[in-house]
Amino acid sequence: MAKKEYAFYPGCSSQKGASASNYLTSVESMCKTLDVKLTEIPDWNCCGASIGYAEAGELPRHVMNARNFALSEQHLPGQEIVATCAACWLGARETRERLTHSDTLMADTREALKEAGLQIKEMPEIRHMVEVLIEDLGFEEMAKHVVRPLEGVKIAGYVGCQTNRPFGVAGESFENPMYLDKMVEMVGAEAIPEYDMKVTCCGGALAFSEPEKAQAQIKDIVESAYDHGAEMIVTPCPLCQANVEIYQGQINQRYGTKFNIPVMYYSQLMVVAYGGSAKDAALNGQVIKARRLEEIAAKPVKR
Amino acid sequence: MSANTAVAEKYRNNFLKEIEEQVEMGDWVKMCMQCGVCSGSCPTNFQSAWEHPPQELFMMIRAGKREEVLTSSSMWNCTSCYNCIVRCPRKLPITHIMHGIAEYAHRLGMAPKLQPTRFFSGLFWKNATKTGRVNELKLSMGLYFKDGLGAGIKEGMKMKDVALGLMKAKRLNPFEIIKGHACKDQKGIQAMLKKAYEIERSRKAAKVAG
Amino acid sequence: MTEHVATNETILVVGGGISGMTAALEAAETGKNVVLVEKNPALGGRTSQLYRYFPKLCHPVCGLEINQRRLKNNPRVRVLTLAEVSGIEGSTGNYTATIRIKPRYVNENCTACGDCERAVEMQVPDPFNYNLGQHKAAFLPNAMAYPQRYVLDPAIIGSADAEKAKAACKYGAIDLDMKEETIQVKAGAVVWATGWQPYDAKKIQPYGYGRFKNVITSVEFERLADIHGPTGGKILRPSDGKEAKNIAFIQCAGSRDENHLRHCSRICCMASLKQTHYVREKYPEDGKSTIYYIDIRAIDRFEDFYQKVQADPSVSFVKSKVARISEDEHGNPVCWGVNTEGYKRYTTPHDLVVLAVGMEPSVKGVDIPGHIVADSSGFIEADPANGAVFGAGCASNALDVNRAVQSATAAALRAIQVVNKVAKAEA
Amino acid sequence: MADIKVAAYICKGCGLGERLDTDALVKIAQKDGKVPMAKSHDFLCSADGVAMIRNDIDNEGVTHIMIGACSRRAKTEAFYFPSNAVARANLREGVIWIRPDTEEARETTQEMAEDYIRMGCAEVKAMTAPGGNPNTGSSKTLLVVGGGVTGMTTAIEASKTGYPVVLVEKTGELGGMAGKLYKRIPVHEPFKSPADTGVADLIAQVMGDSNIKVYLNATVAKTDGAPGRFVVDIATESGATHTEDIGAIVQASGFTLYDMNKLPELGGGQSPNVVDQLGLESLARAAAAGDGVIRRPSDNQPVKSVVFVQCAGQRDPTGTHLAYCSGTCCNTSIKQAMYFKDANPSVDTTIIYTDLRTPGNGEDFYRSAQEKGVIFTKGKVAQVVPNGAGSTVKFHDLILDDTEAAMADVDLVVLATGQVPNSGVDIFAAPKESEEGAVEVKPISILNLNYRQGPDVPQLKQGFTDSHFICFPYETRRTGIYTAGPVRRPMDIAQAREDATGAALKAIQALENAELGRAAHPRSGDLSFPKVRLEGCTQCKRCTVECPFGAIDEDEKRFPVFNESRCRRCGTCMGACPVRVISFENYSVNTVGAQVKAVDIPDEFSEKPRILILACENDAYPALDMAGMNRNEYSAFVRVIPIRCLGSVNTIWVTDALNAGYDGVMMMGCKHGDEYQCHFVKGSELGRVRMSKIDDTLKTLNLESERVRDLEVAITDIERVPEMINKYAAELVAVGPSPFKGF
């Protein structure tokens, strides 16, 4: 029996062939090492994300999330929900808070859910994978499994917005959260705590609708990483990862920069440090290849 | 526009009350003390200025500037970074108010037609709720082709490299065009959402009726 | 001074700042016996750490000198320093307070000659200067210190330095074996005047206090301007000792903020207006002050002080709560925000940023011994349920000095009313 | 006068023994100081040293003590001999700490110490231990002028403390302004809604208290006497006059709202539907008495929209209206807006403000108003145009930067006009010429003081009563008379009640100390008092005119009449007196003059100039002490004499010094003017005025004007003062030695 079990809410972007599929792969390998059992919520649906607002309205948005709660309670009773995607986590958690604080909203939601033959009782806790790692396992436990420290790799911890605000990880500051830097150090790499763009917004959905606005912000994020001598950027959020990684080419065209910095998930770093292969870490999933990590992943594990 | 004029008539010069009753979290607008932290915290406001930053929108609402507010492009600049929310000394849920006003303007059909984020936002929601899960390929295509085929191809070409990169990395699946991810119980989802909209509409209507 | 015995006709005053001293002296000068308890080694409190007062720009130590002289001439006040009230038992007219007295390691033989200070090496942070500087581990708390008697920092005890200090003292004033003692004091009434403390600026994350060296607090700025301060009265910025000439003052740093202090701390606007005068005084040619504010609260007669500052070309006002501070490559703090008067965005670098930090009670209502009724900010409310424990000064509200003195004088009368009843009953 | 026995004690501790030849000092005391009983001690402030002195007092009959040790500000507990005359020669802070410890400095340092011993001995002999003012009164009754919240609170609190009270109210009922209010600003958690004023309860307490005698429709016709023995005539409606013996007085005469008719541009006086805050209160009371609906005065229609105009006629830099902020109007408008919202949330209430001022928990009240739907608009109102029943409010919306902003068809406009103190006659006001046609209304005196210096308490420029309003807010310039409430500073009920309670204590304290013949603040407890030798008086009236506290009257023959218990012991009268007939037992023309003369003046060839420093004991002297503590060196040629106040400096000291061959005189006093820092308010100013005339004296002696310096010194000038001294010493070398040396 696994050390820890959770109902898993991977979210749309983490699905096979989707923009964060590499996130999912690495998370699965990571959890294997850490002996954390994730059971996907059967037939889970989209959280609506923050960008859905124009059409979503209030109740429909909450109903979408409530459906996942209902399914989780029904199929995985007593388990907390873990999300890997910042938006999923935020959306679900926000719904949970609103429903707890408004009886009307709760009643309305229940009424709507009936249409899908579902119902919610207590509603499970909603956790982000990072919370699980830090709060349920702890750095010590995570560090135990490091067999291939990422020595000498300088990594900028880019936390972004939605894992950090408005809820954030308990005990962390909104303006200067340190957990990602701690994780970087935990895997034996070199953190950049003074990286001043660590909570700057990547532009979110505006990267699609108004690229120039989003890319202006992404430029600052990448530039500052370079200024601090980072070789790669690490993030806990799929949209951050995609936005910061895949537009570097366009930004170079727009601003005449020469950006080409890999953007990784914390899970990928951990898998490599845990002795996993490039494949386990889904390093092939990078648009901008993380050569240093590939090299390290190729090295034999010193046991 | 009839829906619009109806409410407008009902509220006459009390736009604030209209916002309080029709907009998600709208009842917080009156609590603003005009310190400006929200406006100063907004990243897009410093990349390319908002027409009216949040705190100014709140003042305009109190001043009854209905037309200017609802037709403004401002709210659509929100990236949902939540900086304003965590810094507001009055704890106003500003991000949600921005979304709320945008949604209301959109509902009344007063939001700027060509505002790309307005379009994308709607597109995203439809895309996500159609099958219960987002189809990223259709989502981007939909966005590029919003202004017709020609423009679509042009936009698409611009994004060619990005798309290719993602495909190489197996993070964009061309076959999603035919068959993408989807929930099994789509009927249930549709029914559930239909109901949700009904309830929400009736509640807001009830308020208009007073 | 003389150790009169405390009885139920005695008034216990807790806190030796301007409010506590005032309450004690006003009561004593009306013929009542008072025990005055101060947790620091010297009286004077927060105001003794200010460079100037608004609106007269006079020096707080001037009033302190008068109050100390009143004290020296008045045998009715018994002063206990390094002392804290840990418990209050009993009821109106009949209280017993438990007082913990920390060792000073220096007895009344001390003549304040300074030989021990010269003898020791060890340096320790100087709390009188908000730890901006250091002083010897054998020290006089400050130039105006009353009692005028040296103190040994506990850190020195057991070290060779301690022995040096002892050896250096010709008057047997140093007693390294002093221990903390706990005494009980009877009193008919208690005036609680423990004053205020600056809100912990670290908690105001967007301003980066603690992350950026050149972001300091308003109370720290007072020490920079003061001749007795760590820079000898020069306004130099912490990061590189460079003259700080372009200074930002950020209002409501912690106050009027549901994430921090819900109340308005009242004094901060006036304090910043006053501090622009320091900039002008030290850099008459090219000093520059910018005040970022929500509402300037220059209440009643202070308004004309505000108008004078407004007329000063070296001071500009921006109606805006600064959203965040970043730091540029020269170590200059940069203020980000929007001037809400007509929506103007700014990202302005300054040499130094001074946070007008809010005021919170030094002892929160819930932590006051006995069951005291306090408001949500922890200020003592006037309430019959408090019996004969009366809040005074900033323990009872966010007050400026003259209001604090008023409040303390009023509290003294309330205490006198109680002990007069006791006297009548006992007579 | 009983024969005196002087003893001199010289301490060898704190390095005095090493740095100075203390045996020589003992000899100086005996020889030059003519004090046969002179001793030295290794550690004078020790139990043993103090015991030695005590023993001499008890067994050797020593009455006068000269202590040559540290500053008079140090070791006060050890050297506490209240029943003896004590002088302190400051050898530590004043000599060895400000001089370098070098061989070449040794001689001048020793000379300095020797002079201080001579001065100490001379001073102490000229002193007697003060016995207290015999001319006391013992009335324990408080007079409270004003029956509003402040006055009633003062009366109740004083009575609770055990003191009888006479309360005089000019109208027919108690309650004052607060009595006209519907509700008050909340003072308890959660600070969300208007609260009961509590006035009715106060009135009941006052009327039910046999210890409080109330005169309604009454005014103070005449106030005579001094603390402890005031005699007050109270004129009542009936024309009858009642005379009361009073110990101390609290003036709680309150305020009047600024006249909104002076604000026609804001609609003041232009329409019944434009009211001031008091007007709104009466509408609210009327509503409460009726169906709870606040109605429009013009046509009695329910008010559907109301606009509050903040700072109406206030915060005006142009000087046309009030320059200050009344501090309470923001909270009041918030409260009044709640009158509407609590009764009917659909009433539109807007508050137009420039800076919203709700200090402390007022912030909760502000938030509560927002929750209730009160709209706050940051703007400057330009004009209120009444048209028909409604009004249009034109303003500059400062947030939207809309100069044309306007609100039409406003049912009711409330002007937040400020508080104007009822402080009576401004006895120092220059007569201002009234503009065309306007009739200059003479202010009516509140106290009708039968004082040489006028009928009321002196005021600050804005009409509030004068005080050291930061450290010592209660200290007026009329001893035993305290002011409380809005006459001191704009206040709301909560503050006024606090203030009233404090004032009650001060009044009680004043009458208690007056009975014991003691001084009041700032020399509280001082038993010395001014004595005058009338036979020498020339009726020049300088003392009666100059006394900062109006303590001295004149009799029909224009001789000064001292009211000792009105006196604060600053010595300004003594300094002013050209014939030197005024003195204190322990501080007189002689105690200082003798010190001036005691200094040994080297001849003109010695290149050892002598500079006399007269230093204010509250600021300059401590600054010199702290300079010493910091080891900031200054010239060994100065001889410092602490003085009570620059105002007490008698010209004779300066001329004596110059005649005796001093090369220069420095006078160090506190800042004067509007922002005065002198603890005797006018003392330093008067001293300066006096000294500005010294030049004539210098001319008659044909001396250079450089020989006298008048300096403003603050207590923090621990570096500046030594610099000034050294600079001046250098300058004097240039001027050359005084021609009077060796005469």
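The letters A, B, C and D name the chains in turn, as written, and every chain counts its residues from 1.
What we mean here is this: a contact is a pair of C-beta atoms (placed from the backbone, for glycine too) under 8 Å apart; a residue touches a chain by one contact, two chains touch by 3 or more.
Just so we're clear, the structure is a prediction, and the values are computed from it rather than from any experiment.
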Listed by label, which chains are in contact with chain B and with chain C?
A, D
Averaging the CA atoms per chain, pick out the one whose centre lands closest to the mean of every protein CA shown.
C
A-B against A-C, pair bridged by the larger set of C-beta contacts
A-B
So, what's the distance in Å between the C-alpha centres of chain B and chain A?
23
Can you compute the centre-to-centre distance for chain A and chain D, using the mean CA position of each chain? Integer Å is fine.
67
Averaging only over C-alpha atoms, locate the centres of chain A and chain C and give their separation in whole Å.
47
Chain B to chain D: how many Å between their CA centres?
63
Touching two or more other chains, which residues of chain C qualify?
206, 256, 319, 324, 340, 343
Counting only residues that touch at least 2 other chains, which ones in chain A make the list?
174
Flagged in chain D as touching 2+ other chains are 356, 378, 399-400
Please give all chain pairs that are in touch with each other.
A-B, A-C, B-C, B-D, C-D
Touching chain C in the complex: which residues of chain A?
173-176, 196
Flag every residue of chain C that touches chain D in the complex, lowest number first.
1, 18, 25-26, 29-31, 51, 53, 55-63, 65-67, 69-70, 72-75, 108-109, 111-114, 140, 143-144, 148, 170-171, 226-228, 256, 262-266, 295-304, 307, 319, 340-343, 375-377, 379, 381-383, 397-399, 401-403, 405-410, 412-414, 416-417, 420, 424
What residues of chain D sit close enough to touch chain C in their complex?
13-15, 43, 45-46, 70, 73-77, 80, 157, 160-162, 187-191, 315, 317, 323-327, 355-364, 378, 398-401, 460, 462, 464, 468-474, 489-490, 495, 498-499, 501-502, 504-506, 508-509, 512-513, 522, 524-525, 618-619, 622, 626, 629-630, 670-671, 675, 677, 679, 714-716, 718-719
Listed in rising order, chain B residues that touch chain A in their complex are 24, 43-44, 47-48, 77, 79-83, 85-87, 95, 99-100, 102-103, 106, 111, 116-122, 124-126, 128-129, 132-134, 136, 139-140, 143, 158, 161-162, 165-166, 168-173, 175-176, 181, 183-185, 188-189, 191-197, 199-200, 203
Taking the touch rule as given, give the residues of chain B at its contact with chain D in the complex, in rising order.
14, 16, 30-31, 33-34, 55-56, 59-60, 62-63, 65, 90
